Amino acid sequence: MLENQNVREEPNPMSLSETTRIEAFSDGVFAIAITLLILEIQVPTELPEGTRLWTALLQQGASYISYLAAFATIGIMWINHHRMFNIIRRADSWLLVFNLLLLLGITFIPFPTTLVADYLGTPDASTAMAVYAGNTVVIAIFYNLLWRYAAHNDHLLDPNIDMNAIRAINRGYLFGPLLYSVAFVFAFISVPVSLAIVIGLALFFALPPRNPLTARSLL
Amino acid sequence: MLENQNVREEPNPMSLSETTRIEAFSDGVFAIAITLLILEIQVPTELPEGTRLWTALLQQGASYISYLAAFATIGIMWINHHRMFNIIRRADSWLLVFNLLLLLGITFIPFPTTLVADYLGTPDASTAMAVYAGNTVVIAIFYNLLWRYAAHNDHLLDPNIDMNAIRAINRGYLFGPLLYSVAFVFAFISVPVSLAIVIGLALFFALPPRNPLTARSLL
Amino acid sequence: MLENQNVREEPNPMSLSETTRIEAFSDGVFAIAITLLILEIQVPTELPEGTRLWTALLQQGASYISYLAAFATIGIMWINHHRMFNIIRRADSWLLVFNLLLLLGITFIPFPTTLVADYLGTPDASTAMAVYAGNTVVIAIFYNLLWRYAAHNDHLLDPNIDMNAIRAINRGYLFGPLLYSVAFVFAFISVPVSLAIVIGLALFFALPPRNPLTARSLL
Amino acid sequence: MLENQNVREEPNPMSLSETTRIEAFSDGVFAIAITLLILEIQVPTELPEGTRLWTALLQQGASYISYLAAFATIGIMWINHHRMFNIIRRADSWLLVFNLLLLLGITFIPFPTTLVADYLGTPDASTAMAVYAGNTVVIAIFYNLLWRYAAHNDHLLDPNIDMNAIRAINRGYLFGPLLYSVAFVFAFISVPVSLAIVIGLALFFALPPRNPLTARSLL
C-alpha cells in the first residue's frame, strides 16, 4: 500500500484515516452535485402578456421531473458508495484513481439533467435522454471497477466480511450496467419509458433488499 | 439493520460511523444550499441614466428579505437536524431514504427563494410565496417521517433517552407542518404576513425552549 | 446545555461531537463561499473587432483584485474561526445562533465582491466598496458576539485555558470592528486605500502574532 | 506552535484535531472546485435551423476536453494533498497560510478551464492555454512551499518518517514546477501538445510509483 511504505509501525490507524478522507471528499462531491441540481430549474422571467406565474411554473414540468430523476440517481449512488465503503477499510493509489473515475461520472450528472429538462418534449429528447442514461451506464461500470478492484485485493476489505457475501455482491453488481443499458436503449424508443426506468431503478436500489446476501449487491 | 447483516461482530462502532457519514453528507448539503442563496441576489448592471448604484441596491429590497428568510429557514433546519441526530445513533436503509427526502426539500429552497425575490410586489407574489411556504410544509412533513421512523424503531435511538421525552418530542413535532401550513394559507391572503410567519418561526425555533421536555420537539 | 438535557450520562463525548459538527458545517460554508468567488470573474466573450484575449483579460484587473481581497478575507476568517473553536469545547443553542449570524456575513461576501469587481473605476466605486467594508464590520461584530458569549459562559471553553488569556483575547477582539470601520470610512474618501486596508488586515491577522497572549486575539 | 501556546497540557490530541480540520476545509474546497467544473459546459440553446442536438453536442468538444483536463488536474492535486497530510501531523499559522495559497490556485482552476473551452480552436487559444498552464505552475510552486515549510520544521511531520524519505521527496517535488513549466512554454508553440502534457502529468502522477522512496515525491 503506497501510503504505508515509509510508515510501517501503525498500519491500522493510518488505513482507517485513509478511507475516512476518501469518504469525506466523496461526500463533498455527492453533496455539491445533488445541491447544484436546483440551479437547472429556471425562474420564469419576463412572463408573456396575460400569463400568470403559476401557469409558467406548471409549463416547466420537464424541469421538475429531470430534477427528481437526477436527485434520486445521485442520492441512491451516494447510499451505495456509503455501503461499499462500510466494507472497504483500506486504500491504495489505484483505489483513489477508480474512486475519482466514479466521481467524474457523478459530477457530470447536472449537465445531462439540464439537457433532459430543456429538450423533453422536443424532437431532440432522445438525444438528451441517451446522454443521461449513457452517463449512468458509465457510472455503473466505474462502480464495478472500484468494487472489483477492492474485492480482488481483499486485504482492502474489512476482514470480518464473509467471502460468500463478497462473491454474491460481485454477481449482483453486474446487474447495474445491464439495467441502466436498458434505459439507454429505451432512450431511442420511448423517452418517458427510459426516464421511468432511471427513476424506478433509483427507488428500487434505495430500498432494503429482502435477501441479505444481495444487500449491497445492486448498484 | 442492513449495513450490519454481514458484519455482526462489532455493531457499535459500525453504527456510530454510520450516522457520522449521514451527518457529514447532510451537513454538506445544508452548507451548500445556504451558501448558494447569495447567487440569487443580482448585482445591478447597466444602471439607467442618472441612477446611482446605491439607489439600485436599495430598490432590490425584496432580494435581501427573501435571502434572510431562506438563510433563517435553512439555518434553523440544520440546527434541528443536528439535534435530531444527537439522539439517533444508528441507521438503516429506510432512515437513509427518509433523510434524502428531507434533503430534497432543503436543496429545493433556493428556487422558491428566487421566485419570492423576483415577484414580491407584483400581482404574482402570492404564487411565489405559496411555493416557498408550501415547500417548508413538505420539509416539515419529511422531518416528521424521519423522526417518527427513528422513534418507532427505538433501537435506532440513543438508549439513554427517556421514553417520556420521546413521546413529548413526537407531540411537539406535529406543530411544524401545522404552523408552516398557516404561512402557506396566508400566502393567498397577505404575502408580508406569510413572509413574517416564516421568518418568525425560524427565529422562534432557533432559540432555546424553556421546557426541557419540548427542547427538541418543534421543527 | 440544551443538547444534554435528556442525556446526562456522558456529557463529554456528547459535547465534543457537538462542536465537531458545528465546525464541519462551518467549514463547509467557508469552503463553498471561498470557492464560489471564482464565478465572479467573467470569461470575456464576443471580443470587439481587433481585440486579443490577453488584452481583454488584462482589462478586467478589478475582478482579480476583488477576488484576491475576498479570498484573503474569507481565508483569514476561517483561520480565526478555527482558532476560536480550538478553545470552545461545548455548544448550546445560543452559540449555534451566533455562529449562524457569523456565517450569514460570510456567505454574503460574494455579493459585495462582485459589486467591487464591477464598479471599481466608476463613480459608484465608493458605494460598492462601502458595502464590502460594511459587511466585514458586521462580520467582525458577530465574531465578538460569538466569542463573548462563549467566554462569558466559560463552561463552554476548554477548562485548561487561563483566564488571563481569555481577558487578553476579549480586549484584542475589540480591534476587529474598529479596524474594519476605518476601511468602511475610507470607502468614501479613497477606494484604493480602503481596499488596501481590507487586504492588509487579512494578511496581518493571518500571520502568527509575537505576543502569545494576543495569539488569538485579533479578528 | 501558535495554537498550543495557552494549552500545553495535551499537545497531541490538539495537534491531531488541528490537521484534521485543515484537511476537512481543504477537502471541501477541492470537492467544490471539481464539482463546479460542470457549470462550464454549456447546454446548447436556440439550435440553428436544421441543426440537431447531437451535432451541437459534438461541436463543443473543446468543452469536454478542458473539463477532463481540469477534473484530472484537481483530482491528482487532491490525491497529493491527501498524501502530504498523511505525513504532516501538526500545524502552525504559517502552514495554514501556505495551505490557503495552495487553495487559492485550486479555486482559480475553473476560470482558465472555461477560457480553454471557449477559445480552443481560435487564434487566442495560446493565451487561454498559457493561463491554464501558468496557474498549474503557480500551484506546483505553492505545493513546494507548503511541503518544504513542513519538512524544514520537521516537528510538524509524523515522527516515524525516515529522514532519507523526506530528502527524496524534497528532490522529487522539484519536478512539479519544472514539468508544468514545459506545458506553459508549449502553450505558445502547440496548444494540443500543451494540453496533452497537462493531462499526461495528471495521469502519470496519479498512478503508484515503482520506487517507494519517490512514492509521494512528484506533484
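All chains are identified by letter, namely A, B, C and D, in their written order; residue positions are counted from 1 within each chain.
Please note the rule applied: contacts are C-beta pairs under 8 Å (C-beta built on N, C-alpha and C of every residue); 3 or more make two chains touch, one makes a residue touch a chain.
Owing to the predicted nature of the structure, the values given are computational and were not obtained by experimental measurement.
Ranking every chain by how far its Cα centroid lies from the centroid of chain C, the top place goes to A.
Judged by shared residue numbers over all numbers used at their interface, chain A and chain D contact each other through mostly different positions, with under half in common. In this assembly, the C-alpha centroid of chain A lies 25 Å from the C-alpha centroid of chain B.
With each centre defined as the average position of its C-alpha atoms, the distance from chain B to chain D rounds to 35 Å. Each of residues 24, 28, 31-32, 36, 39 in chain B touches at least two other chains.
Every residue of chain A that touches chain D in the complex is listed here, in rising order: 2-3, 5-7, 9-10, 14, 17-18, 21, 24-25, 28-29, 31-33, 36, 39, 92-94, 96-97, 100, 103-104, 107-108, 110-111, 114-115, 118-119, 123-124, 127-128, 131. Across the interface of their complex, chain C is touched by residues 23-24, 27-28, 30-32, 34-39, 41, 43, 45, 47, 52-54, 57, 68, 71, 75, 78-79, 82-83, 86-87, 158, 160-162, 165, 206-209, 212, 215 of chain B.
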